[in-house]
């Protein structure tokens, strides 16, 4: 094998650059050169290729984001675009492709595999919603950022009967909201996966305040689409002095945590080895081990919360 | 002098606890005991008094919030409540009162002075909108938190044509928005004090994107009340992939910066000395020096931005 | 079961308070009350007992250190002290004891079990040197603190031919040094478990400098006891402008990471359940699962590095 | 004026890159181009010149270190090297030079002025030991890093009779040690400028421990050269369980604080204006204003501590 390609295609997250560094170094150890495609699948479709050498990935390990850039690419999903991508891979003499990305990006990779491309996926998604891996790249960093933000709010709160409503990312997944609520000891949490009862939550918070609780923290996943409504209800109906925080894109980044760095490095090395061994698959963390999870398995299952998370969610969503 | 009182009455901010520690220690050095009133003026009206000893303020220097708690107190603004407050001060044998708080709280202090109470104000407001002091307590910490958040967003951004809209605190003041925009190199800023032109900003950002800028950061003060509108416009009219962050209460806190700690300690010591010297006034930082600014001066003037800030604001708000 | 006891006895680390909170809340859910013994085994020997209620563990989740304090206790290791400890457990009507601590503390727990006490251990050690658990409490936080410190040094370094020597904790274990070196991309690492060759490292660093590397980062575990010597050699023999950082106790703390919070909470709940089920053992994280590891197993094995860590160590220690 | 030069020549510190960005942007606003000399005076002597355009300084505002690199340059201090530097300035058609650096670097600038070069200095030194400016660039960031480190140690400490000895930078200046000790509430501080009495400190700490203090924090400036000795004494004579932290180079960096960013930006703009106005001088912050301080004034005076600092130092150094 002489040359492999790599692209990064999900939402921004922390740890991708560490992964790229490991991929390039592992490839060079095996005398394989690396082409980076810019802006996700757009780089495949429109042949935006750069040479990735160990020199070029030096000093990026601790940086957020991705030096290869990301973007959405509608064209790739259409036949003409897809064919252009296949042509690029041929012309650039790519013998195997590594795709770092979320659910949609890995579906793109699966399509390439079905078209005969040797392709390995590395799951990256701060929502941790990809089946087959206990943790996706970027989750740990995102969780720590959210939890630190809630810590700051809690440490500073010094007024009675105040409610802090914090919206986390997660359009279809409540993972970040649930885990950060647990890790920060939030009083209530609303996520898309679990039935919640806003009125019952309000009654509970009011009761707790009467019993002496100074203030309450309510974490809401973006996908619930009730953030403004809950904030308004807490203000008007429960008469809490209510404050809103929408964390937004700060959840995607900053310097990656040690967990995300080492996870990315391990997955990157494993991805190169899988390409060498011709194993098209998604690299998944299961317990302490990395596994080659077939694309079919990844897409035919849905990730579920563990019992501790479920119990916390049930307690805190009503 | 045997006993002084202290209360904290503004919005939460970082550095108040360091100030309280300095007040208690300076008072004890002068053989004066200290009564803390809980929950701002509510503690005066309803006599919620605790003894503050050096032991009780040990270990609080680096904590956000205020151990004395804060709250709004409508009752104090009415005659009956105000008289109850005066009665409390008499009964608790308070010979001088230190009020740590923002504009409204200092107006309360002024009213007490007019009623014959020896009273010194310490200006605390993350908006830095109190005349007579170059910096109010809590501003530096708030600015660093906002700027770090924007840094994270900038470091991670790796998509083309994306706009990040960040709302900072500041209902009537654009100080935080303007300074953090400057310190983080934001592309645009909207504040209440300066005329802005959203359409012109959009044209400029689009042009910059065409010339190669990857993404844009727009900082908006809460008081502009245009955050949602601007985000929507950028998405629909300018076709940016737009992401919103509302920083909310994380701006009020966390561990205070060194600047806020030492400012609070200096102001606290000066406040005790001013009480001893019977100088009712607000402690103001002017250049490197602390001054006793008369209450009248504080309320009869409006703080203005310096030239560098004005120029940046004009450049970036159209 | 009516009452259990808990003590914290290892070196300080982050996540213990979250564990204590979970223990108290899980105990109360099962109508069990909790006695906290202060200052580790000293609290058992000298009956320093406090009642731990949900109220008392409220607000401690995010704090470093331990509200129960720790200390060394020689007396407990002697027969007279040990008997006093047994007497205390009887008099305080403790039906089961949870010990949060490192290797030495868990050996104390084993001794109690052998004397007929129902006792469960929670492994806590930033060195991650306890067999039977993939991660001990406090490791993840320590690693992130060290790695952030190295990031800062790397980001700032802007001089040619400079060597930064960083000493991490780890008297007998190189885990922290090795993992932080890997996560930060250090150029060299010295740990007690792996043969190193200082002269060979120096030759390599000099060569890399000649080829263009600006500066080098060398991480050394405390237990190697060569920090000063290596720094001196790099300065004198290799003529690097050498700077030393000894991170010391900042590695033990600050707010715990999300990983350490949730690990502590899970282990705390499991420990209470194990006490209820009369399973004297050490709680170990294995893959994603918590296991009840017999004390014998914990002490009759030695933890080893995984292959990725070994390869990195070998590459970077010569 | 068509072209100015800039070099960075002190120890690394945070805020230099923000200053460089402001210099380039202000120069371009005035239709002046900018040459950057690499590696401090070495770049002048050996003509290591690069073109600095607004594009090249984009995205560096929040980075620590300096993109122009620094180094020591003995050659510049000798006549032959100095003449080569003058020749470079002539050949590169530099009409004015901005030097960002510490005491030694500014002395080099003075020498250039005496040789007829139009030269403006920007004071940069985490030790804050440059006369004529209240704050040098980099001080605020360094102070916050040190103080945060001490906070972490304090938050985690949970053992009785432990002494934490923390060494800060400062070979001839105790500013960082003194200010961080004050901002973190340290129990003792040793700096070169103030007489200290180690035995008296030990007696005091022992007494405080007997009265209930759990642990003590002692901050020592590097220049005192007593760190090891004090740590040993505390361990052996006072029988404290003593732990040592040498912060080293993490004090030089990380992302600059808002204060250092805005100070650097203001000084950079002022430096360009001073070059345009042909005012060879050092830019000093005095109160809120920037001043053009003559080189003679800078070097003929010594900076002194203010009264609050002196009193704290006296209290805590015996």
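By written order: A, B, C and D. Residues from 1 in each chain.
Here is the rule we go by: a contact is a pair of C-beta atoms (placed from the backbone, for glycine too) under 8 Å apart; a residue touches a chain by one contact, two chains touch by 3 or more.
As the structure is a prediction and not an experimental result, all values here were calculated from the model.
Shared contact partners of chain A and chain C do not exist in this assembly.
A centroid comparison over C-alpha atoms places A as the chain most distant from chain D. For the self-contact between chain A and chain B, the two sides draw on mostly identical residue numbers; the shared fraction is above half.
Put simply, the C-alpha centre of chain B and that of chain D have 29 angstrom between them.
The distance from the centre of chain B to the centre of chain C, each centre being the mean of the chain's C-alpha atoms, comes to 40 Å.
In terms of their C-alpha centroids, the spacing between chain A and chain B amounts to 35 Å.
Among all residues of chain C, those that touch two or more other chains are 151, 155, 255. Chain contacts in this assembly form a single closed ring in which each chain touches exactly two others.
Listed by label, the pairs of touching chains are A-B, A-C, B-D, C-D. Touching chain B in their complex are the following residues of chain D: 21, 59, 61-62, 134, 140, 143-144, 147-148, 151, 154-155, 179-180, 182-185, 255, 257-259, 261-262, 265-266, 269, 286-289, 306, 308.
Chain B makes touch with chain A in their complex at residues 8, 12-14, 39, 63-72, 145, 149, 151-153, 155-160, 164, 166, 214, 241, 243-250, 252-255.
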